[in-house]
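Just below sit the structures, each encoded as structure tokens.
There are two complexes below, and they share subunit A, which is joined by subunit B in the first and by subunit C in the second.
Now for the complex of A and B:
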């Protein structure tokens, strides 16, 4: 290994070496050098093939969204004997936002006798618990305030703990900063009339878009992810993903798969795959829209994407083989599921591909692959902007009728580069810290930016 | 020369960033997307908005609906002309309107209203009480305070709402949202899109005798086939088509990855889902929902209490009961065909085309 590092260092830092590739054998034996080149070319080839596959995938999704019939089968169910629903709102130090979310949940259009809210204070250090108790006093038949002082911190721990308190058919999860519209609960409950539906996911829309460039880039990214990616998977009967908030789960299905996985970084993706393997579907409801806050500072964004990356890769390691060989999952779903599980592995692969290609170029070994190398560059650029292709971002803004914001597209390359590095870091961290060193999951809360005084709220 | 080429290259490379930097700094499209669209979910949204506008009109013109003034012409809202009819039962059209058989005025009546036939009403009509209209009329939108009766071959383009009973004459086309606070009756041959009422009847003004449907048939308990996969305590999954014999009683949710056929007189206390097609035999009772990626057909004299959702077509044969006034439900599909004699409580939404047919059963079976 040290020899290879020394070798790459030589390649990178001695310009004369570029002109004289024959110097290489001085550091490596002929066999070792050949093997080294074969490995590098193998990495480049792997990157090319993988990125090509993902480009095709995203192109299909985009074309499907732009030109095919759209599936919203449950959207029009507006009168029914509605199932019983419990909305769970986990909150950790959410005094600035929690009251607004609960007030919005109290004003939704859903039969009161079939609707409960469990607002969970997860060991807050601020006034979250006092606010929840006050709100509970205002609507005691609907709201149950729950104070959590022990157990695993984090959303999965909260959900697992309160699952035992829920006697309704459906559990709907909202983050404390989400503000639902009046009809949202019915829209999220409607798909559960389909016996095959195990979970439902709605669309989250950033509401702090005007803050800075980062929030605007994340707005583009979210639009592409939901408006194009998720809806296309819904249209094509592929694997729509449960995203943890603005979504619901059928309680009988949840119990059958063993509840929430508190050991998972991404309990939502974990649940999506456990339901899929059991025979349930996750459906996406593009018109079930709800506002959320996106990170306003890059450090927060980095932490968020690293957490997502770790969680997603954890799920990939856990379920990829069982998904591939599952008889209950359709063939096309299996292909999509594998590609879905692999999205966060693309970043480290791409980074390795860059390094391999540069090394090959410096060694003069990329000559016969030069056109392919250029192709890799273009494809990478066109495909990955936190894994949403740029054409997908453009399609999303078109579908949202928000044409001018697409001008920011070139700047999204910045977001892509930052994500590339952080997702790669997260993958390495998962490999060494979590798998090899077997360290326990550390939960990190996403910061809130909306400030609202408690007095104003109450 | 080299410097010029370099500058040119930099300009070309920087060109895509110009609109990006402009948008970043100017923020012409930085506001959050609008996510709450009340009109998406509420079938009566447009009718309620129009009613509010009428109240504003009454206030602006000091109109007391109990003792209305004599008819007059004025403006309505920002741009529209209006004709206030008052307590007169018929609107007074201008010569040009009579000649063209067309009006571009909003018609506002505080009492009963009678409209002649073969006329085009390009703007909304408000009627404080009952509205009777002749045949071959075309409407943009209509609001009636009590009953609303449209003659044969009528066309409604956007919406129609009545606080009382709605009757749509035969071979009419009612697009958009049709709603009533009590009941809607559609005659045979009517095309529709979205209907909502406590009770929706098709041609027949008589109630379907539910007791006949609910009559005890001595159902047999279902022997669960060996290929059933129990995916949760209430739900069975079948990898292939599933056919249930006549008079079978099932107390589970059933998912079929193929087609699902129910024999006559079945009793299902659960939700049914099939990927390809669902056919419910006549005189069956489904207490849950019917959901299918393909067609759904409900046989004659059946009762379904849950929503019926198809991604292609729903066909309801004669004398069925779907939902109940106290437990309204929804039928939704791109194409919906309902046979006369059926009764639905709740919402009926055909996103492409809905039609009232005289008798599905015989025509389709033959």
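Now for the complex of A and C:
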């Protein structure tokens, strides 16, 4: 045992070892150094291969989105015997935004006899409940205000509790700050005429883009994620992702997969994979736009991306093997699913790669450094949340016809850097706090920045 | 006899307004038309870029060498400039210039000063860059941590640092030249595929390549000045953050500008 400890400590104690390299008396030292360098080069090589694979993936997605025939199979469904729909809006201290969202939901063109809104106040400390009661009084046949005082806090807890109250065919989920367009509910409900479809996801477009640099950078990230990534997956029959808001789920499918997972940080991604494993498809509808508020301060962005990262990695640990060996999932879907599940592991891997490359540089071991730096250097101007490469951001802004926005691309390095650190932190936290120490999930609400919409609308 | 209308004509009519203008599709449905030009433009421009670079390689070598020859005596007080052959994308060899100077090794006082500046910068950034400028704090911390690592290595194993000013500049020019030769390939799949006119894309590529050719020697002259005055202790930070990564940032900035041009 002592020999093993000595061996490992010799391998890791680089400076002392390097200092004595020439006069190294024992074979152990030479072997240790060689092993150390091999490990570092192995890490750099692993990062290079991973980054290369993802770059190819995103190049395929971008080219597909730019030039291929786009799949919008349910876009023309306009007149139908529409299914019954319940829209659930979970709200926790949302007095500034909830009224506008509910009023927008009341003005949609869905048949009133088949449409219901359940607005859930999840133990708010502000006037959210009073606002919901007032709105319920204005449209009692459509809105049901639901006051939650106990049970697991957080969105997944709300959805699981409310699911028992729903007797409609489809459940659609909106965040309290989302503002839907008039035709959105029909657009989201249309794909459910296809019996294979388990869930539907629409596009989220930030409306507070002009606020500051962060909101502009997040707008670029969202554009690449939805306009290119999700639509290309839809085109290629791959794994489109259900994102939790601006999306719907078939109630029979939800019941078959066992309802919402309240133990998950990302109940939406968790549901995507449980549906996939059961043979249901998730459909992405690029035309279903809904307008959201993105974080306006970096701390909030950090909390958001850490929560996403933890949730996504949790799902990866849970479902990666069952997805790989599933007979219900097509081969290409399996590859895409594994790459999708690995997206948030890129950050810690890149960080390890950077550290390994710096150490190799300090030790003068500069093999394949040039190509490694060039490859990884380009990654630094993409995004980490959805791992969109720089050209994907360019393609998204080109398709959105908002060319000038792309001039912010070099500044996306700031977003990358912050995400790199915080996604890595979240991965470590998931490993130690959640898996090893088995701590219970703590739910954190995203802050809102819009003010007084209640006074404007009520 | 009725003439069968072509599919292209029908598509055009579907998107023609009453006045004959094009009705643009919603952004959710928008794509780029796949035409012969979608393949032809990348092929033609890629070939043109490489032909251009093949002819420009020697002038680039001369330009960089002359720039160093003019500036080095002012910066270092020596005229000792050498050239080193470097492989460019494993196909051709090019000569890159470098000052035949090792650079000053940092004294213990310089190391202590560098470490103190790094620590105080980290502390200052912690209190200074809060809500709005948080990414700046991360940047300062990253640079300072690399600087502290460099100080530690110089302090513990002073004679094992493998790089000199000469090798730093020669390697840097070599990497940068490789980047310049990879750029057309990157542009072929990320810029030439867009539906801009051919000339606009050719101009964009020329602007990107020219910017790199001009920025790179200036960047390394600044490196030489900094390393000469502040010793080798700043070299790791310069290599990691202001070497190839900076060149890529320049590429991305000009690329983003070119992509934003209206066609």
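One rule holds for everything that comes next: the second predicted complex is superposed on the first by the 406 of 458 C-alpha atoms of A that agree within 3 Å, B and C clash if a C-alpha of one lies under 4 Å from a C-alpha of the other, contacts with A are read in each partner's own complex, and residues count from 1 in each chain.
The rule is short, and it goes like this: a contact is a pair of C-beta atoms (placed from the backbone, for glycine too) under 8 Å apart; a residue touches a chain by one contact, two chains touch by 3 or more.
On a predicted model such as this, the values are computed, not experimentally measured, just so you know.
> Given the touch rule stated above, what does A:321 touch, subunit B (first), subunit C (second), both, or neither?
neither
> Of the two partner chains, subunit B (first) and subunit C (second), which one does A:278 touch, if any: first, second, both, or neither?
Only subunit B is touched by A:278; subunit C is not.
> Scan A:59 for contacts with subunit B and subunit C and give back first, second, both or neither.
Second partner only.
> After lining up the shared chain so the two structures overlap, which partner does A:408 touch, if you call subunit B first and subunit C second: first, second, both or neither?
In the superposed model, A:408 contacts both subunit B and subunit C.
> Is A:432 touching the first partner subunit B, the second partner subunit C, both, or neither of them?
The answer is neither, since A:432 touches no partner chain.
> Of the partners subunit B and subunit C, which touch A:256 in the superposed model: first, second, both, neither?
A:256 contacts subunit B only, not subunit C.
> Looking at A:362, would you say it contacts subunit B, subunit C, both, or neither? Reply first, second, both or neither.
second
> Tell me which partner A:289 touches in the superposition: subunit B (first), subunit C (second), both or neither.
A:289: touches subunit B and subunit C.
> What residues on subunit A does subunit C touch that subunit B touches too?
203, 287, 289, 400, 403-405, 407-410
> Please output the residues of subunit B touching subunit A within their complex, sorted ascending.
Its residues touching subunit A are 16-17, 19-24, 27-33, 35-38, 40-43, 194, 196, 229, 231-235, 237, 239, 253-255, 270-273, 288-289, 291, 293, 305-307, 309-311, 323, 327-330, 332, 346-347, 349, 351.
> Can you list the subunit A residues touching subunit C in their complex?
Against subunit C, subunit A makes touches at 15-16, 18-19, 21, 59, 63, 65-70, 72, 75, 203, 212, 227, 231, 286-287, 289, 297-299, 302, 358, 361-364, 366, 369-371, 373-374, 377-378, 380-381, 390-391, 394, 397-401, 403-410, 413-415, 417-418, 421.
> Quick one: which bits of subunit C touch subunit A in the complex? Just the residue numbers, please.
24, 26-32, 34, 38, 131-132, 134-136, 138-139, 142, 146, 149-150, 152-153, 156-157, 160-163, 171, 174-175, 178-179, 182, 186, 189-191, 193-194, 236, 239-240, 243-245, 247-249, 252-253, 255-257, 259-262
> Touching subunit B in the complex: which residues of subunit A?
Touch list, subunit A to subunit B: 71, 73-74, 76-81, 109, 181-183, 186-187, 190, 193-196, 203, 205-210, 213, 216, 219, 223, 237, 250, 252-253, 255-256, 278-280, 287, 289-291, 327-328, 400, 402-405, 407-411.
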